[in-house]
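Take a look at this one; I'll ask things after.
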Amino acid sequence: MRNLVDDIPKRSRFKVGMVGRGKGAFFASYHRAAMRLCNRFNIVAGVFSSDPLTCREAGEAFDLAPDRIYTSFAKMAEREVAREDRIDVVVIVTPNHLHFEPCRLFLELGIPVICDKPLVNDLDEARALVRLAERKGVFFAVTYTYCGYPMVRDARARIRAGEIGDVRFMYVEYLLEWGADDLSKLGAKGGIWRDDPRKAGATGSIGDVGTHAFNILEFLSGRRCTELSARLSRIVPGRVLDDTGILQLNFEGGIEGLLWTSQAAPGHRNGLRFKIIGSNGSLEWSQEAPETLKLGRLGQSDLIYRRGQSDMMPEAAAIVSLPAGNSEGYLEALGVLYADFATGLEAGPTWRTSVATPIPDVVEGMRGVALSEASIRSDARRGWVSFPNG
Amino acid sequence: MRNLVDDIPKRSRFKVGMVGRGKGAFFASYHRAAMRLCNRFNIVAGVFSSDPLTCREAGEAFDLAPDRIYTSFAKMAEREVAREDRIDVVVIVTPNHLHFEPCRLFLELGIPVICDKPLVNDLDEARALVRLAERKGVFFAVTYTYCGYPMVRDARARIRAGEIGDVRFMYVEYLLEWGADDLSKLGAKGGIWRDDPRKAGATGSIGDVGTHAFNILEFLSGRRCTELSARLSRIVPGRVLDDTGILQLNFEGGIEGLLWTSQAAPGHRNGLRFKIIGSNGSLEWSQEAPETLKLGRLGQSDLIYRRGQSDMMPEAAAIVSLPAGNSEGYLEALGVLYADFATGLEAGPTWRTSVATPIPDVVEGMRGVALSEASIRSDARRGWVSFPNG
Amino acid sequence: MRNLVDDIPKRSRFKVGMVGRGKGAFFASYHRAAMRLCNRFNIVAGVFSSDPLTCREAGEAFDLAPDRIYTSFAKMAEREVAREDRIDVVVIVTPNHLHFEPCRLFLELGIPVICDKPLVNDLDEARALVRLAERKGVFFAVTYTYCGYPMVRDARARIRAGEIGDVRFMYVEYLLEWGADDLSKLGAKGGIWRDDPRKAGATGSIGDVGTHAFNILEFLSGRRCTELSARLSRIVPGRVLDDTGILQLNFEGGIEGLLWTSQAAPGHRNGLRFKIIGSNGSLEWSQEAPETLKLGRLGQSDLIYRRGQSDMMPEAAAIVSLPAGNSEGYLEALGVLYADFATGLEAGPTWRTSVATPIPDVVEGMRGVALSEASIRSDARRGWVSFPNG
Amino acid sequence: MRNLVDDIPKRSRFKVGMVGRGKGAFFASYHRAAMRLCNRFNIVAGVFSSDPLTCREAGEAFDLAPDRIYTSFAKMAEREVAREDRIDVVVIVTPNHLHFEPCRLFLELGIPVICDKPLVNDLDEARALVRLAERKGVFFAVTYTYCGYPMVRDARARIRAGEIGDVRFMYVEYLLEWGADDLSKLGAKGGIWRDDPRKAGATGSIGDVGTHAFNILEFLSGRRCTELSARLSRIVPGRVLDDTGILQLNFEGGIEGLLWTSQAAPGHRNGLRFKIIGSNGSLEWSQEAPETLKLGRLGQSDLIYRRGQSDMMPEAAAIVSLPAGNSEGYLEALGVLYADFATGLEAGPTWRTSVATPIPDVVEGMRGVALSEASIRSDARRGWVSFPNG
């Protein structure tokens, strides 16, 4: 119950090289905050821009030694491998379309990789990374943040323990509002790139948030999606990529599913919600109220489970930081992932079995890319398609 | 603000002939309670069973004159039309598969009809009733109960007034749990007939609750569905009819929709919920917490509208019975419909324009039947089909 | 599970004489609606005004026989006792300061009485009614509406069954907003009389809603209040009577309590909420969301009980009308009381033991009056006082 | 909108000496986590135990230089002032009864102090610290964590801007469950010391959580309490100090208040909730759902304000770290305070005016101690007492 607030000696921290943006970059700064919170990582090297001045300013802000501020990931790779005190892991938080090359390079060099989702924009690239990672056996993690929430893991553990009986149907929605407005108001940083296929990839809402929603269903149930039928919509006039998506899903074992995404739903901030329906109970969770998990039971009172209480499942209780009532939030969830990554990095070659909950790896990253690819195929045919394998 | 609790002189009430079951019949008894509450109807005649003894016991329980307790609707029709003090309206609350004949007969005789939903089980029959009702010009209402909730009407009025901008997407779910269990436990009255195609019709969850959910979308938006793609599922082993359905919908004006039904979702009692997404706001309502309506606004605070307050829309305020804070519930919603019906009956030939909110009529009833028919066609083809017209 | 919607033969209904207002009278009309809903009472006689014309109009609206429309309760009493088909019970819903005389007279004549709360405005009068009712042994009920909610009774039954361990502390609040505004805006019917000591009695918020809140604590726990310390406040400039009250309470068995009332709390419509704290659990209920009851458990998940489900306590399950998910509301709660009254009236002399849940009687009515009296004494002394006995 | 996640150069951080416990100490570890999160402080020296071995182990865990790990705060004070690279600020997170001496000593030496609440256990000591701090003009902050929540500050700003009209009544409750059980089960760290007057001070629930609740009312309204009437209760058998308290409060300007604390309320984890009632609106907030603020408006819809949206008040928007929908929690609130402290420390002598929201200082700390003292006096007299001034 002391996961992120436990006092960790500084010297047991991992040396991080960061590939991403500096000041003002949203997600990069969340990763940095989560690393500080979990207290197992020190940024010692980085590439923050291809512009030398911008890059140096950012590096200095992080107090990096001048010779470890690089203007390209290739240089960073080359120089760092040559150092005695080389980085232990690279964290890649660049825009989506700039993930592939650094991932490939650091994997080739045997340097562990932590990469933001979606892994890449192209399924062939994703498959190449999967094969490379397998061949190298190197640690490779993808930051599916929402799997770091204790009550999501509590749900997973309860499902596995049979608390809702046989899983029969899985529903997930991920609704946001930022795309409801005229995109030109958003500006370059605010999200307009998310409607640009060269940067965002071939799908809009599916690639952006559908991948999270999809990942959480496979995470919760332990079942793989085998088929899907997708409808990709542009409900906002002028959109290039889908702002809204409906996916019908079939999973192993005959489980059915429904996934709904929208970037154009006013009144929804970061509205990820799931409902897993079993033969005698349903589990519901909402990312905007992440501290509780609701169990609806056939003909009986509902149970409201709460993070930090004595009746949590052990797998979830192990990652709790604060007592019930003192809310944890988004940064703690990301911090939990980083804490798991630290455990995995510490374990070395046995990293996959070092933690109770599977680390979201390159295969999970690849499946997110496959989701986009299959959705486009299905939407074009207005029908069902097989879910692509690795 | 005194709709159902206002004191109505007894002599202004309509004389009702009831075709349905007596003691122990769930929905029939709700109709009777709603009629008492709204205080505009007196049951004076009825058919409650084909068994004379059962029928007489039921009729006596309602203090009917012995000569107005009938053992068949045909006899009731024949004798009542011959009376000076004949019934003003017939209320039909028999099982679904026994709606058509009495509807047809009373329409033919020019006697106003109030019929429970779904109208009938067969689209041709539904179309026949539509044509007959048109030809006769007689009052014909279908009890889509949920349109009687003040906050549903408030939502409708706000959408029409443009409060959420352009409607872009409509979502509705209707989840129940009774079918999650082994159906043989339910017994004849408890619901097992709902899985029998001869009684329930050709669909399960779609016909039973999908019709309500569908009706509410058309009611809220004033737009007709033009196309749909349905997936009818049996997630409970052994089910004959669909216990779960996913419908993708296209409406006039390019509005898209999603409708999800399940009779096998533990923890859900009567879980009808909608979310209507517009260009600058979303409206959400849940049947299990019917007193409030949530408006999510782009980038701003949510508004929680509440029945009975001064900022209700006039169309909705007009049907309120109790002040805010003194909850109204299901029977009030049904009572509101009956109060509207009384106004319509009072108006005679101009009944359609006698109330601010459209009375759910035989066309709406027919569309519910069309929904089942189209869903089956679509599911068989695994693709999109046109929504059938009258 | 069919309490109010069950089909009751008309001839088993009780004949009611009503003393109160007609068209437009709020509470009187709720009583009439609740009687219709529960279907056990017929209004056959009444006094609706001292003005003959107004009175006759009201009586005609209820279809009363002209000779049973009276212009004074004294005349009604005199004539009705002389009739073969005399009224079975009188329902008194006049303004507070006009309760005593009719109560006294009908009791003297041995006619059962149902009286709105507060019983009277004066403790001596209340005690006189208690003694008279005891001497006569006649049925006398006070309409503490909130004891008619199934989940309030469920809470009572759970407390009695020891589900929260030993009761240690009881909290209740009753907050409304109507008095926050300038009272002169409200007009005669809207509530301005509630700040007039000649009509409302010696207290404002305490007499108006504090009596309900107090009654519910004694009802839930079965413990009598023995001492209290009151602070009566006028937080709205210009108020004569208390618009806000804080009462600290001691109950038998060393249980402590806190009661907070306000008529000047914007955003609160009819905000009655309680929280009963025991040694291992807390029960919470809110009148504005009356269908659920929350049980907070020491170190464990919360339970949300819901009306109409299989895990209700039998005492509460017995008064349910609709299945879970089809909301009951305020009128059902009042209807439950009337249904209990009908059972009591049917039982005759053994009426007190004819129902599982105690009928709120003249003693409970008297205790509400005692609450006002003791609060005034305590507030004047700024200290604790004994709670007056009968 | 980037408060805690903004990238701050390491070299602009303040050097902290910590007086408190190491591994396993709950609150000390939260302070350390909040400092990491806000990224403006580096712990460089510390006293973690009077036992040299324990102390050294803790210091090493924080990678302190061996010569800056001290076994007494007196030694730390003596040696640090002599260093060129001396600490910029001392953070005191010892048990309550060990606050006074280090506060006094560091103030005397002119070293800024951050001290956990309650300030001390004795009012004379508190007054001495107030005078000393005034005389020295040194930065002195008390960690009233809950003032760091953005929506608490949003409430404060709305109240000041007149959004609810004139403040008329303030309610706050702070309910916990840990003390409901047999205290001997809790063990030394778990809370048994909280019932020991030598360690916890003269009050139990009042000193422990009532001080937070009281502070928040003064913080929100900007009004000082002038009088109170307290009831200190022991509802759990065997308790020495109050486990439950009811405080009636009078504030400047005729505002009334009610404060309720309990450490023995099963089902309540860290249940701090307030409701501020004005002439035309009420503001409500709950610590366990800290991301929203509810505004109830007279006769109108409720507004649900949410952290991170465009309609926040500027004072609150300035301290937000994550976008709406990505939850912030308890550590962010504490981090906000530390971020403010950093701004104050940076400002030097003008620290009080360096931030938009007042830093909780030694006077606020003293008022918490005064609350306990006055509560005891009032409870003994069963009546009202003046609130002591500095």
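Quick notes on this structure:
Letters are used for the chains, namely A, B, C and D, taken in the order the chains are written, and counting of residues starts over at 1 for each.
What we mean here is this: contacts are C-beta pairs under 8 Å (C-beta built on N, C-alpha and C of every residue); 3 or more make two chains touch, one makes a residue touch a chain.
Please read these numbers as outputs of a predicted model, since none were measured by experiment.
Chain pair with the larger contact count among A-B and B-D is A-B, by C-beta pairs in contact. Greatest Cα centroid separation from chain A: this falls to C. With centres taken as mean Cα positions, chain D sits 56 Å from chain B. Per-chain Cα centroids separate chain B from chain C by 35 Å. Spacing of chain A relative to chain B, judged by their CA centroids, is 44 angstrom. Contact of a single residue of chain C with at least two other chains is seen at positions 268, 295, 299, 302, 306, 309. Touching chain D in their complex are the following residues of chain B: 295, 299-306, 309-311. Partner chain D is touched in their complex by these residues of chain C: 164, 168-169, 171, 177, 180-181, 229, 231, 233, 235-236, 244, 246, 248, 256, 258, 260, 262, 264-268, 275, 277-282, 284, 294-299, 302, 382-384.
Of all the residues in chain D, the ones that touch chain A in their complex are 2, 4-11, 22-24, 26, 29-30, 32-33, 36-37, 39, 58, 60-63, 176, 268-271, 287-291, 306, 308-309, 321-332.
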